[in-house]
């Protein structure tokens, strides 16, 4: 079986997750959702998987139905526990084992990101974004986070974000976050339809980690608006195993959203 | 029918309560409990009566059983709503309509009070009290409070509290609380087995308001460790009506605790 | 012996609740993105021509807030997100009004939002928060101040209290005395209630006090100031345990608002408002215009 | 195709939970005055000879904290009240140890207590609180600082975070995976859990995951680190929905502790500890010493 780009992206996220971790599955974020569920079903039986503000028990569901909206009450039917939204956002202890996935309008070379809008003047934005939602907090309080975007181009990967709504590695350096007193481990991976990137030790500049099958290093460079750290050899992103792909297609993504 | 001192004290507290107010009925505080329930049954059908951290509906209970312990689960059987204890103590909006009853080890002439202990040195108390419980906060956040004590003597009514765990009128003056930014109306009555006291406008010194039947002004003066404001005429505390007394004895205090 | 006086019912008419809203007030709307918004109230505020309101949306606001912006009711919006997920990743009117300077945004993230509401509930002027240090929030929202904490000297953000004059919520049930219960968790509605001076709640159904007392843990709002009868009262958004969102209707709104956002053409929005907001004389007529057949198609299972 | 791996059960032995406690840690005990204390754990901490603990009691602590003080386990106590209501208006050992300088009290009131726990849960160094300004609290507890708020310049108290290393609670039920549910409201246990790095919960009964899922709103602790089987595990205190407090037993303790407090005679306390704490080899033997007839007399209705 041949995995699609989205299936590969989901598998990259899954491989980062460790049994026992705490993760939220958003609605309409099919790639992170599939990544979390893949890890949960294959090697993370003791992960706390949050669906629609509930702690869900889906481990033995033959098919874990996808929901388009986070407010779909049917998505709460597997709940063992409800979280009031304010408790979810204000009680932070459980997030020490948490992993978060964030999107962005803009991302700079240190993994700082922007969900607010495009334009130099906040009072006269050229493009107003949706707002920070809970991303500012979740990218601090969880043990680490990954930036996941649906396209890879120089409008997203910019030299400087117009606004920073979620801090990455600031102006660079291993201590960029600790010197501000921020507890979480910061951004680890940036996963796009072209590649996986991480951050170089020391400088914390974004670095190409692997390119997806069929993508060249040059493709990535020309679609990135700043200079990436490029290691001497860049491997191809490891695709899902046959078994992983089967679990993805039969139990997690039965509607085939990742195959579109 | 002749009312007992405790029944008179309860009636004084009841008369201060207005329909629609929010009040907590503690366990083992029979006088305030009876006062609250008397007001609720007679003219306060829309009061929110809190029993054992629940909002209770006891309006049509023929007999409202007394519980010795606040943790008696049976006291929650009338609940319309549970309050988590932290919400009860941290969400303060509903307390704008709240009235609170506080006890004390020491009370000074401005209604400041102490539940911590007796002694000049906090690190070497001669007598260690129970602690402030929720009294510090409840005496600030409710619309007003009453000090209610089971005995009236110069050990309680002192020139100066060793420690202040609940602020009254500070060092005196109408603005003693507002200048500290405190929202509640402060102490209104001090109710003892001898008398009812309030606070003189302007100075906010404690003032004798009425003496219970059979008690003289002199009795009060000699049992108070500071100089009270004594008006030219001091009335006798108005006892409960026959109907009030009947409600007290048949529905509220069927065990006759107030008659002991 | 005198009869014990009985409690007053707190069921009120929509218009009596709406009459509490005065120009310039801070008004909150409950729910979450595509669910549980008090839509009788939202349409009512527009119909009455309310202006200059500071609107506190849900922590993740949906297109009900977008509609209030489109109709010119909201002068200022307190919300960490305004959108409709796949139905509209960014609220079209929110986006357009923000870009055109027609609405002020009190910029914050969800954690700051709850810190602000909690400060109001606790009657303190602010609450501290850590996340956001090092970001653009204090620059985008000057009401948020960076400060050194008085215990350890750490750098934190001071999130100012957002006090709510009146909160409007939508829930499954209440008894006649304002004890409100949800089906499901109820999103952040309890936090909105805790921050509000007054709270009016639309419910799908008024139930007996005995039913409420059967499960007091479920009582999320122990004594709303008024209860508004509102079957299908969250339409076009979902009402957990009762009906799913009406995507076709939401898309119709999105299309109208997008026309305004993209080409500054207000006509489609006006048509939407005429048909569904200002036109119907009451909730029943609104539902008639939506159509019973359409309402009956919104079953969860 | 490979079988889906299954979850690990979180049911653990009392001793394995107690082994997590190290000298000098901050340990919290749940419940409220005469109810819901994890008494296997309280007795176990004494039996193991734990020392130098900072003990965070419930917001209103009962005589379980008094017992920990009497037995020399608690170096410092964080509690706004220690007593047993009518059974002991002030905890006798609490009173005596405080007067004799044998225990340090972190003085605060209930609102400050929750502000401190909340700060730990939120990972901020403090929370502001208004009540207490103008009182002796900052003098009695120098960790509480008066400060000017950075928004309005109002005078407030900064209540420092009280971080809990391990919380021990007692509840009605849990499934094998640590989803804990209470009968009743559960007092302040959720707030203690939120402030703790690890939480172990005694339960009257372990139930199926299916039973928990039948009412997820009831799940108060969504994933305790360990569940300790403990029928009659709050004895001599009440366990809501299961049994009332054992007043005779509590009075026996009070008598022993009062002898120590009044005349510095530790012998009655030693006798109590020998008989009920250090003597029994396990919980079953403790209950045997209490007596089944006595346990069966503690019905609520």
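So that you can tell them apart, the chains are marked A, B, C and D in the order they are listed, and the count of residues begins at 1 in each.
By definition in this document, a residue touches a chain if its C-beta (ideal position, glycine included) is under 8 Å from a C-beta of that chain, and two chains touch if they have at least 3 such contacts.
If you're wondering where the values come from, they're calculated on a predicted model, not measured in any experiment.
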item	value
Interface with more contacting C-beta pairs, comparing B-C to A-C	A-C
Per Cα centroids, the chain farthest from subunit A	B
Between subunit C and subunit D, centroid-to-centroid distance (C-alpha), Å	39
Length of the line joining the C-alpha centres of subunit A and subunit C, rounded to whole Å	29
Distance from the mean Cα position of subunit B to that of subunit A, given in whole angstrom	56
Two or more partner chains touched - positions in subunit A	54, 76, 82-83, 90, 141, 183
Numbers and ranges of subunit C residues touching at least 2 other chains	122-123, 129-130, 154, 185, 217
Arrangement of touching chains [line / ring / star / complete / other]	other
Chain pairs in mutual contact under the definition given at the outset	A-C, A-D, B-C, B-D, C-D
Interfacial residue positions of subunit C with respect to subunit B in the complex	1-2, 4-8, 120-123, 175, 177, 179, 194-197, 209, 212-213, 216-217, 219, 222-223
Residues of subunit C that touch subunit A when the two form their complex	32-36, 59-60, 79-83, 85-87, 89-91, 94-96, 98-99, 101, 105, 107-115, 117-118, 129-137, 139-140, 154-155, 183-188, 190-191, 237-238, 240-241, 244-245, 300-301
Residues on subunit C engaged by subunit D in the complex (per definition of touch)	122-130, 143, 145, 147, 149-152, 154, 156, 158, 160, 185, 217-218
Complex contacts: residues of subunit B adjacent to subunit C	41-43, 45-46, 48, 54-55, 57, 59-60, 76, 78-83, 87, 90-94, 141, 183, 243, 246-247
Partner subunit D, residues of subunit B touching it in the complex	27-28, 53-54, 68-74, 76, 82-86, 89-90, 116-117, 122-137, 139-141, 163-167, 170, 177, 180-183
